[in-house]
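Structure incoming, see below.
Naming follows writing order (A, B, C, D, E, F and G), and every chain is counted from residue 1.
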Amino acid sequence: MLKPLGDRIVIEVVEQEETTKSGIVLPDSAKEKPQEGKVVAVGTGRLKDNGEKVALEVSEGDQVIYSKFAGTEVSYDGKDYLIIRENDVLAVVQ
Amino acid sequence: MLKPLGDRIVIEVVEQEETTKSGIVLPDSAKEKPQEGKVVAVGTGRLKDNGEKVALEVSEGDQVIYSKFAGTEVSYDGKDYLIIRENDVLAVVQ
Amino acid sequence: MLKPLGDRIVIEVVEQEETTKSGIVLPDSAKEKPQEGKVVAVGTGRLKDNGEKVALEVSEGDQVIYSKFAGTEVSYDGKDYLIIRENDVLAVVQ
Amino acid sequence: MLKPLGDRIVIEVVEQEETTKSGIVLPDSAKEKPQEGKVVAVGTGRLKDNGEKVALEVSEGDQVIYSKFAGTEVSYDGKDYLIIRENDVLAVVQ
Amino acid sequence: MLKPLGDRIVIEVVEQEETTKSGIVLPDSAKEKPQEGKVVAVGTGRLKDNGEKVALEVSEGDQVIYSKFAGTEVSYDGKDYLIIRENDVLAVVQ
Amino acid sequence: MLKPLGDRIVIEVVEQEETTKSGIVLPDSAKEKPQEGKVVAVGTGRLKDNGEKVALEVSEGDQVIYSKFAGTEVSYDGKDYLIIRENDVLAVVQ
Amino acid sequence: MLKPLGDRIVIEVVEQEETTKSGIVLPDSAKEKPQEGKVVAVGTGRLKDNGEKVALEVSEGDQVIYSKFAGTEVSYDGKDYLIIRENDVLAVVQ
């Protein structure tokens, strides 16, 4: 099992079709595309200045939307995961 | 439903006509153009150093003006939203 | 009405003649030119680390000098405004 | 009158002759040239994290040496001033 | 023996086959590849602002995944180690 | 007299011969060359977050070694000085 | 004698043979090579926000490994030293 450190979480990525409607890159668009995934493990929390930990806002099993370029891909036990910081999670899908 | 994390909010963008009056780009203008939208969901608040949360200043239903290049576009349930941090909200229209 | 957030203020810009005396750009001058305006709305204050707000130093009606390249231009109700952070206000004209 | 905000001060610049002795630019010299001026107004002080103000170290009337590239030039009432942060003041001439 | 300082840890790197399946570099992939290793020594902890130390989350003997480009390679007693900060450890393999 | 502000000190530079032994610039050397000088005036101290001052570690008369590229050269009363921050002092020669 | 300031230490560098085995620079290696040295003097400690000093973790006589590109070379009394911050010390060799 992968146990993320601090404010990191492990995500099982949900594959998305990457076809854009027009196929044209709009250079003046500064928006980044998000991606969806399922949280499979959460760290022990963000370390405060006084040495205590703040528990994360997301939990195991949460369906989350996160910034596409965040995190590190990890291959473990034949499956692909993504380890990102909770701060890169934009929203939970409920 | 999209539940934003921390100090993030979900905005339903109000479409604006993008015709500039003169059609000439003024290169010495460093001003960025803002956009308008309606807040449809707010996060649990900004995390303080001591682990507490500060409630956001904007509320669901607020009409807000925000920086054009802020945030991440999210497509959810057939509608387009924008997830931005409250700090990128310039003003509430009252 | 525009209600700015946090430490932001809304300014009604005072138009200035942009004729320079010599018409020559001095490339070794790193000084930026300021502009003048009238404060028409102030935010609820700067957020402190403990979650409290510090009231702004400028008030509605103040005539202020601010950095030319600061802020975001906003068109509202047929008039042009500028939303800047109080930190970009250099001085109040008394 | 110009009333600077926060940790800013208003300076009346003392003109200096800009003739260099050799007329040769030494490219490996990373030193910046300072300038002299007289403080004509001081702000209410630097804002501390707890919301209190720390009074400035320089006072009205002080002759100060400051970094040449600091601050913003302001024309007011037919005279030229410079608004800089106290942090850009290197020393007081006594 | 190598005794790392502060929040640093000493890692014995686990060699990995570096053959990519397709052999093609995908230029739009911003993900960094992680590596695996075994912790052989941990520092005395992260120094807090008040001068106390926060003990590290990883322990000697832990199998960890860390960012490929983190740290400094050290040759000691005929063996190669890597000294990294605990913050560069992504997850512990359990 | 020059009275430096905050954590700044005024140094009378000790001239050094600038002949390198080989005359060859080694491009992979990232080391910066230090210089020596005598402290002739010290500021009132570094300002802490709570508004108090921490007295400087160096004193008037100290012979110090400092980073060559630090500070601002000041000409005063026919003599050349250097105003640097105490943080740019590497060591005191005893 | 050289008395380093704050969190700085003075190191007597241990010369190392600079022959690489293959003589080929691997451009995709982002690792920096460390060096070894002996601590001959330590500063009074790192200054905390409240004005107190935290004693350094390394002591006079320690054999340390440090980042190759850290610090400033100082020639004193006919011998060459390196002044670095304790933070650039990777590990103590015991």
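The rule is short, and it goes like this: contacts are C-beta pairs under 8 Å (C-beta built on N, C-alpha and C of every residue); 3 or more make two chains touch, one makes a residue touch a chain.
A quick map from chain label to UniProt name: A, B, C, D, E, F, G = Co-chaperonin GroES.
Quantities reported herein were computed from a predicted structural model and do not represent experimental measurements.
Trainee: Just to be sure I understand the contacts, which chains border both subunit E and subunit C?
Mentor: The common neighbours do not exist; no chain touches both.
Trainee: What whole-number Å value describes the gap between the mean CA coordinates of subunit A and subunit B?
Mentor: Result: the chain centres lie 21 Å from each other.
Trainee: Distance between subunit B and subunit D based on Cα centroids, please, to the nearest Å.
Mentor: Centre separation, subunit B to subunit D: 38 Å.
Trainee: How many angstrom lie between the centres of subunit B and subunit F, each centre taken as the mean Cα position?
Mentor: Here subunit B and subunit F have centroids separated by 48 Å.
Trainee: Multi-chain contacts in subunit E: which residues touch at least two other chains?
Mentor: Subunit E, residues with two or more chain partners: 49-50.
Trainee: Starting from subunit F and stepping next to subunit G, in what order do the chains sit around the ring?
Mentor: Traversing the ring with subunit F first and subunit G second gives F, G, E, A, B, C, D.
Trainee: Quick check on the complex: what are the subunit G residues that touch subunit F?
Mentor: Checking each residue of subunit G against subunit F gives 1-6, 8, 10, 41, 44, 47, 49-51, 69, 71-74, 76, 82-83.
Trainee: Spell out the part of subunit F that touches subunit G in their complex, as residue ranges.
Mentor: The touching residues are 30-34, 46, 48-50, 52, 54, 57-58, 65, 67, 86-87, 89-94.
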